[in-house]
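Which chain is which? They are A, B, C and D, in the order written, and residues in each are numbered from 1.
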């Protein structure tokens, strides 16, 4: 069975399903028993009780630590950090405790927790409620990092995240929350670590994360209709572990690639993708890997500024064209590079 | 005048010099008035009083926030986080407040603070006292990130960091602390944003950070004496802002590059360097940019395991050889890449 | 409280009230954007506290900061322009509702991180101490912030270092959609800090003279270098947590009760005659209309400005 | 306290004392590495607390954890092997002194982050509550951890959720090289948590029967589901903060005084005859020598094991 659901409802239904299936699954976070500001957890307290769906005070650090301790002792907590911007307050617990417990204990402990959070700009919420910080977490061995691009993937990936015996950071994007698409019920688990080929094409590969997958498809359509360029669009779905093989095979075929995310370009996960792809597909590359991301500024709040800040299909097209036209200009090479990555 | 000093003493003397020169400079952190575990701040409390050299409780978050507030109101705080592993507890203040205050206030506020901390493995301190987390900070517009590779640079860069009107994260490496080298007195300010060409060579470029600069020189010597290969070694000195031009010019000349740091390779600053260099020097590259860093595990504590974990000259040589021999093998390209970047 | 002071405070309160009601409207009309947290019903605290401060005293606040900024002297025109994202905004359109700053008037900043400015305020007080000025720092925060670790870290440091800092908690009994009893077993914030041994008290935030007097006493002490102090004001959030909040958790009875405790109505009743009060209200409304006009007539900023404002030169 | 119990506790205390003194030696001889924090002089707390727990009760600790692990039942051989970095170590040489874990005996972990395990312990107590077992969780921490935000966050949550968790603070009056009065104005940790309204008390950590009794009472209550509780034990750190610490801050007088309060000497004097005590000590020393032998005979781990231990399968 399958019906149209919003991203929010897909996550909500998956949480309910997991809680029904497994008593050990609990949900905790600020206002989760009231549904939270986006209603992602709406109805769960009514269905499963306030013992398993726990409102917490504004204590991000300790609450994340509670989830770690609960996970180590047999529960499967799904803890929510309301905005990824506030993961800054919980990183000690996530990085120094959750990520390292299995390793440091020589395998005695495991930490099957899911940390759900959401990031992204576009709502005029300003610099402290709009960030995309997933790259930090990909630099922490012991964490897995998942970034769904739509409702169906969110449902399927969340199932896998909850089933996983490791700490999984599940990064949603608030701009996707109210988009609808068909979501199977029950959602089948989508394996962590396998990329999704969203559109195939022979001319250029676009690797896009989260909200940028939709933007990449828009870009691909426009490249096809206006320029006759066939872009292949791949959604890695999970950043850690990363399905490099699928990405690299595509790039060796197309010879050109754009990697796109909403986070600030510098130090973003696109750097890792570019570094890995240039190494993996070097002999086949016709142009340098192009990166698309946000500029190197905090997120401004004024609408035209935020709109200009926010990367989208247009920036992907521009980057694709740099890659496609590579070799036709005479600028000094590092100027080209700077151009492409800013 | 110039004498041999340890890294610790170079930082100590520079702090004393800054405090003498400018009343607004204060030092705060855990046990700083006692000198701290490495004696970096020894003697400052005696010389400048415990009002300006303040011991703090174990409250990394608030203490970093105090430094932000003090900086906004006219002081020039140098705040110490004893181990970079605990910057996890201060990131909200650093990322959400310090880095964004100037921008969000439309330029009204500025935050001239220096956050000194130290990272790195090698002392058998285990997974929570040995990390290298500087990459996180390079992903935060508004922060500057400085990583000195020796005593003289530490002195000169710290002078600039203290003079800078922005929040500067000054990342030391504990393995360098007791190495001696000539340090001018008084140290001249070394500008933030300019790379240092440490050794010139025509065959390959090695971009190395912090402790890895010394390792790169060892590697270069060995490459020269055993293989007749002349490696150019560049120390960016500052990660943000990055002197891409110097790096890219070198790589366009040599056509091959290794980037090396002590942090975990995946998601490390080497990814950013590789991404920028492959874009900037694409037409001149004879081989993919090779990355050297730590493997994707927490830092183990047992001596032979930590020794194996810790990247050094040997790993740089191995990576350089992959770059130098590129094209002579027949493996599938992504296998080569995986090999080089693990 | 003498009439002159009451009139001045009432003027401030009406400016805040009319400003925020207008902002609510503009938000519905999509001319003000993002997360908007209003303080309708709690204006007395902002007025009575900031009304006693000098421009060179520092005020820090949180996400519900419009009132504090206005009371501290931020111009209505540039505030409204900031909320409407204009180039003439206080922060050139880069900050918005949760990140207002007016350094000229000592409003050193709002923050969207709950409790995030607590330690910054302590840093500001440290500067006063080290530079031997008599400036006082005030930090506003809600009851929700008290459960955040940085609250206790800051309280402990403030007590230890005895800095001229006044903590002003606006305890409205709610954090977002949950009431205080789901956040802590300790109802009163002044009880939370009891072990630290500094002076603290709880007053009704609707009783403007009481707030004025309690704060005034702390201010005089802080002015001569003592501190810290904590003033807890019991307030009521008459609107949703943010504009757009469905408010399912509302208790209609409490609401009725608190409507009666409206600080504006009470202060008017006790201290200002109706005619004068009406005039003040009208004046405030006119100022707000002027602010909206000012903002509407201002251009949006050029996106090119952002790159140059990441680092101070 | 009856003799049988006293003898059992004395045995644990001597095992800890001899273990740690031996570790200090091995550290000087470069056979044990890294940051080593010893609890010499404070063994009574570990013994009296853990001695009353079941294997399925959970204990969490911090950087000064050897004593807690031993008292909870961690085998000396594998502990010593862990400290010497051997494959046979409790954590296969991946954890070391600050990250000991012995899940089999309910020693759920030490941490090098000051206070870092406080919330984890609360999570463990939450599991007991939700799975309706009568397991109790205990978390050890120092007085330095009390000023960290996560301490207050955890205390507040524990009080709010009323979980079967016992906080055991070892207040030695120092955090690294600075004394408690540079960290807080509140001397006693049991006073810090006063507003939360749960039961708490302070005892001398050198008075083993007192610790035993106070903890026992809390344990019985927690066993039947109540909580939290806080037990503060005043202790003295007879050695440096870590091995190698220059200890310039030492007060020789206090040291003399505390040497007299040695928990081992006191418990022996009051409860165990000299002959029995000497036998216990010798036995402990022999066990430690055996542990060193075991560790020395064990190979170092193969570096290849690390990659497979990052993620659970």
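Following the convention adopted for this analysis, contacts are C-beta pairs under 8 Å (C-beta built on N, C-alpha and C of every residue); 3 or more make two chains touch, one makes a residue touch a chain.
Fair warning: this is a prediction, and the values are worked out from it, not measured in the lab.
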Other chains in touch with both chain A and chain B
C, D
Name the chain whose C-alpha centroid is farthest from the C-alpha centroid of chain A.
D
By number of C-beta pairs in contact, which two chains lead?
A-B
Distance from the mean Cα position of chain D to that of chain B, given in whole angstrom:
36
Could you state the distance in Å from the CA-based centre of chain A to that of chain D?
41
Could you pull out the residues of chain C that touch at least 2 other chains?
89, 93-95, 99, 111-113, 147-150, 153, 156, 160, 182-184, 306, 309-310
Note: chain B residues in touch with at least two other chains are 57, 59, 61-62, 85-86, 89, 92, 96, 100, 103-104, 126-128, 141-142, 296-298, 300
Classify the chain contact graph as line, ring, star, complete or other.
complete
Considering only the defined contacts, which chain A positions touch chain B in the complex?
61, 85-86, 88-89, 91-92, 95-96, 99-100, 103-104, 126-128, 133, 135-136, 138-142, 240, 244-245, 248-249, 252, 263-264, 266-272, 274-285, 287-291, 296-298, 300, 326-327, 333-334, 336-338, 340-341
Residues of chain D that touch chain C when the two form their complex
147-153, 156, 159-160, 182-186, 191-192, 194-197
Report the residues of chain A in contact with chain C in the complex, numbered from low to high.
30-31, 33-34, 37, 55, 57-62, 85-86, 89, 123-129, 295-298, 300-305, 308-309
For the complex, give me every residue of chain B touching chain C.
26, 51-52, 54, 56-57, 59, 61-75, 77, 92-93, 96-97, 100-112, 141-142, 144, 165-166
In the complex, chain D residues that touch chain B
33-35, 85-86, 89, 93-99, 111-115, 144-145, 147-149, 175-178, 182-184, 248-249, 300-301, 303, 305-307, 309-310
